[in-house]
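Letters A, B, C and D mark the chains in the order given here, with residues in each chain numbered from 1 onward.
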Amino acid sequence: MRLIEGRNLKVYFDSDAGKVHAVDNVNFHIDEGENLVFIGETGSGKTVLGMTIMRLLPTNVYYEGELYFKDKNLIKATEKEMEGLRGRELAIIMQNPLTALNPCMSIKKHLVQVLQKHKGMDKKSASDRAAEILVETGIPEDQIDYYAHQLSGGLRQRALIALGLACDSEILIADEPTKGLDVTVQLQVVKLLRKISDNKKKAMFIITHDLGVAAALADRIAIMYCGRILESGTVKEIFESPFHPYTKGLIAAHPSRGLNPIQGYSASLVNLPEGCVFCPRCDHATAKCRESEPEEFDLTETHKVRCYLAGS
Amino acid sequence: MIAQTANGNGSVSASTVYSEKKVSTWWRKFTKNKLLFISSIFCAALVFAVVFAPLFTDQDPNKVDLTKRLLQPGEDGSFLGTDGFGRDLFARILYGGRTSLGLSVCIVVVNAAIGLIVGTTAAFLGGIVDGIIMRIVDILMAFPSVILSLFIVGVFGASTFNLFISLIVLGWIGYARMSRSLVLSLKEQVFIQSSRTLGCSKIRIIFTHLIPNVFPTILIYGAMHIGSAILSISSISFLGLGVQPPTAEWGSMLSDAKQYVSLYPHMVIFPGIAIAASVLIFNIMGDGVREFADPHAKKIIKT
Amino acid sequence: MKKLIIRRLLIGLLIMVVASLLSFTVLYVAPGNPAESILRERTGADPSYQDISLFMSNNNLDGNLFSKIAQWLVMAFRFDFGESLYTGEPVMAEFIRRLWATLQLTLISMGISTPLAIIIGVAAAAKKNKIFDHVSRILSLIGLSIPDFWLGLFLMIIFSRTLKWLPAFGYGSAANYIMPIITLCVAQIASLTRIVRATMLEKLSEDYIVTARGNGLKKKMILMKFAFRNSLGPIVTYLGASFGHLLAGAVVVETVFSWPGVGAFLVDAVYSRDYPVIQGFVMIIALFYVVINLVTDILYVYIDPRIRFEKG
Amino acid sequence: MLEVNNVTKKFKSSFFNKKMFTAVDNVSFHINEGESFGIIGESGSGKSTIGKMIINLYTPNEGEIKINGKNIIKNKFTKTLEFKKQVQMIFQEPDGVFDPKWKIKKSMLEPYNIHTKLSHDEKMKKIIHWLEIVGLSKEHLDRYPFELSGGQLQRLSFARVLMLEPKLIIADEPTSSLDVSVQAQVLTLMREIQQRLNLTILYVTHDLYLARQMCDRIAVMQKGKFVEQGRSDEVFDNPKEDYTKRLINAQLPPDMSSKEKTAV
């Protein structure tokens, strides 16, 4: 079953310098039990996309297009309706666990509140359930009443994951779940996320800049650049037969592949180049690329790319 | 965090525009901040009226004329009436503004200067110097400023100069604490460390990096405190322990007027409005300046 | 925790010692001899040298400096400041008599203004940039700008002179309390409202607020358990500091309304340069400060788990 | 060129607590001229502290640090500008390196103002020369730091360090806050210039892949101690210590093998 589907989704902000298109004409979908990973660098709009699904963006934001959760258009949902969906049906794991947890509240209390709100549990059973979930995510039993600042970085991230799991939602959005963690801790967190997705048949929407994390977690991958999805496909397709010059460049730039740089810098969102957004950095750019933006081309049923190289 | 993403996008873009049309952007931002814009106009008008008082009244503020005692506003050609000595109230308010505003600006400037120097030195030298200065600050903080002022004026006698001194004894503390905490956080910043690794001397760092970075925040903090300086001056003068007669000052005018409160309320009302209005203008302007300034300063100076 | 209290007590002791020495030494640097002016006022004639020296030895104004410092310190820490140079009454007895009148004013004002300001401040922050916020912001700016002594006189003009509802002066009946307390409350409410609003807004922009929204918690809960709970620390700190402002305000208000409190006592003493009274006042204010700071610090420890569980 | 012998650094854990926390524990290594050496460790391993001791921001409690045979600890020589010129540092956060209130030009002039008595034109000429080397142009000089991207700022800070022609450059996580594509740009640039100018660079990093690419020799650090030290390919292909193996195993490469690694 299709859980989330975005059609021609656009998200833009009003800023002093004018409209900023953080997400532009994006199509994507997540099916039940499927892991979709969005890979992107700074300013690619990946976090904005995640926050759009949760409808947690600041008030100076405007949406266009459609974004369906099951059969509900989230963009048209009222704040009240969203309140009911958030936490219960759409759960999110925020970036930066130290600041994302209330410093004046124990981690267990965080979960208890969510359980009381969405599951209508009484204090006692909510507390028991919260402890259960926390221990399940790997937090030592004697630390479940700790406050965020008392936990180590890895445990804090686990606590935040536990909070996302509290109501057993069908979909879990994880925004840079491994950012700022040491490699050994990162491995544990990635394993935990895989365990969750495998055991609980949960669909995950994961946002990351780390290709390795994406390879480990994804069923399908979407590569974002300047608010657009330049290429999307299954993990195998993306890593074994990448098509878009940007995707190829990203993989080649990875330290494990010899640090082959992509020239130039990512364009500013208010001052996007004419034509394909990637063409100023692209070795294969032609006159056509500079004139108009390529449509999406299907390479296979799952592998789609926005590049004129695919059309010719 | 979302804000971060949004700002991240915004700031890159804002910056390109900023460098091209810096002045016009600045002006647009200034006029867009309505509170700041309007209060600045009022403030300019106030300063103008006080500085060029003779343009607005031909009365001598200190001329005693017992035949014109206690006139009501409008009576006998007097705009706001006269006081118990027959002195023109309107003229006294205008000239009194010179004392009130002038004195408060002086106090703020002196306090800011002392505070900036002491705070920066304490933070940068650290160790014992910092410890001693902070203990002094701790001790001085024990006394509410009006009460310490009363104490000083009480011991040394009531005069404008002693009032001035008494408001400086405690006044510099806020600025010192602020510059200290600013410098402490600046010290940890990478650009200071990198200057050190480039071979910058400590003195060079203080003068080229620290003070220029601390100064704007101190300036804003000072702007926000002109209003409260006016209030302190007039409070103590009201108690009869500040500016001494016959010099016109809003607080001491109210002190004189106190005995006439039930029969001639105009003597109480007008100087009070003068104080309240000018303090309000400065307070709004202070708020506006803070909002106008960079978000960094906004975070450090709370209300 | 214990360490914190001990540290605070030590600083408090230091403050008391320095305060007493300060108030003592000032007598020696002060210009003019109080004995002369007091005797002149008592007898109406220039006092003789013998009279002055007799008065000085009776009131401990002469003798060896160091022995006197020691003597003074002993006296000061027993809170025995000798007799008023003016009335000859023991200073401490008079203080205690008057202290209650002042404390009534300050405590009632605190009791009224604190909840009011918190409600207004929280509501303004919750409705940021809505009409309520603008109105409360402007009103609090006005409240901060009105000089308290003038407000007192102004209220007197309206309620005593024009409407004849309330007595202008006096102490004892309930009607006497109304105007002094309104006068004290206005500035207190105004400044506290601003602090509450600013702190709330700062906390509302934290990441954990987004987490709470992402969990679908109710707005009211986010406001109270997340934003307000975290604002409590700064608010309590400010309340501690504002007690000093209230005492200072009481000095002015007592003068305006002829209220028989310690503030009016101090002003009279300053007029007549009645040193024992001034010295006693300095000590009492310092004591208040030390006690209130200690209370604030202890409260803070209970409010902020980050301090509570600090290691070491 | 650089010799670090049995160096230990302890910090007080808090103001009241006199207990010492050992950040760097009896560490020894050396770097030859023209070589790049990498110190790899997780957060809190003490790897940055070593760099800061070499550049004299911290003083070690024990041991000696020699540059070209001269001990730099508690030596008056370290106070001289001559010394300060020879070791330079590239910091982790490129956006913090430049005074936010200054135009880039002023920040770039600073090292010359401190160390030389050249005329303004000569200084500018040299600055532009170095800017071209790091792939930037004159127009960047009139910008403020916040107007430039992280990659551009890191190039600028590299240029500013190069201007002093140092003998040793310490690069403390030089690219950890940059995007992958830009990180590759900056690092290849550094590698290129290192070969051209025969620079000696000490990399401090948490990224094993990066260290393997950039360094001739590496040391793996854990809790203040060096666990393993050797030629980088040897350490990677044939790790001896458990911790090193664990670190290498925890790396997730951008291919399908990551899936198997994390399978539950």
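Here, a residue touches a chain if its C-beta (ideal position, glycine included) is under 8 Å from a C-beta of that chain, and two chains touch if they have at least 3 such contacts.
Please read these numbers as outputs of a predicted model, since none were measured by experiment.
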Using CA atom means as chain centres, which chain is nearest the centre of all the protein shown?
B
Of the pairs A-C and B-C, which shows more C-beta pairs in contact?
B-C
Just curious, how far off is chain C from chain A if you go by their C-alpha centres, in Å?
54
Interchain centroid distance [CA atoms averaged], chain A/chain B, Å:
49
Just the number, please: Cα centre separation of chain B and chain C in whole Å.
22
Please tell me the distance, in whole Å, between the geometric centres of chain C and chain D computed from their C-alpha atoms.
54
Counting only residues that touch at least two other chains, what does the list for chain D look like?
149
Listed in rising order, chain A residues that touch 2 or more other chains are 42, 56, 94-96, 99-100
Check: chain B positions touching at least 2 other chains come out as 1-3, 12, 16
Please output the residues of chain D touching chain B within their complex, sorted ascending.
55, 57, 81, 84-85, 87-89, 91-93, 96-101, 107, 110-111, 114-115, 142-144, 146-147, 149, 157, 160, 164
What residues of chain C sit close enough to touch chain B in their complex?
11, 14-15, 18-19, 23, 26-27, 30-32, 141-142, 144-150, 153-154, 156-157, 160-161, 168, 191, 194-195, 197-199, 202, 205, 207, 210, 234, 244-245, 247-248, 251-252, 255-256, 266-267, 269-271, 273, 275, 278, 281-282, 285-286, 289-290
Within the complex, chain C is touched by chain B residues 1-3, 135, 138-139, 141-147, 150-151, 153-157, 227, 231, 234-235, 238-241, 251, 254, 257-258, 261-262, 265, 268-269, 271-272, 275-277, 279-280, 283-284, 287, 299, 302-303
Per the touch rule, the chain A residues reaching chain D in their complex are 41-42, 153, 182-184, 186-187, 190-191, 194-195, 198, 209-217, 235-236, 239-240, 249-263, 265-266
So in the complex, which bits of chain D are touching chain A?
42-43, 149-152, 179-185, 187-188, 206-210, 212-213, 246-247, 249-259, 261-264
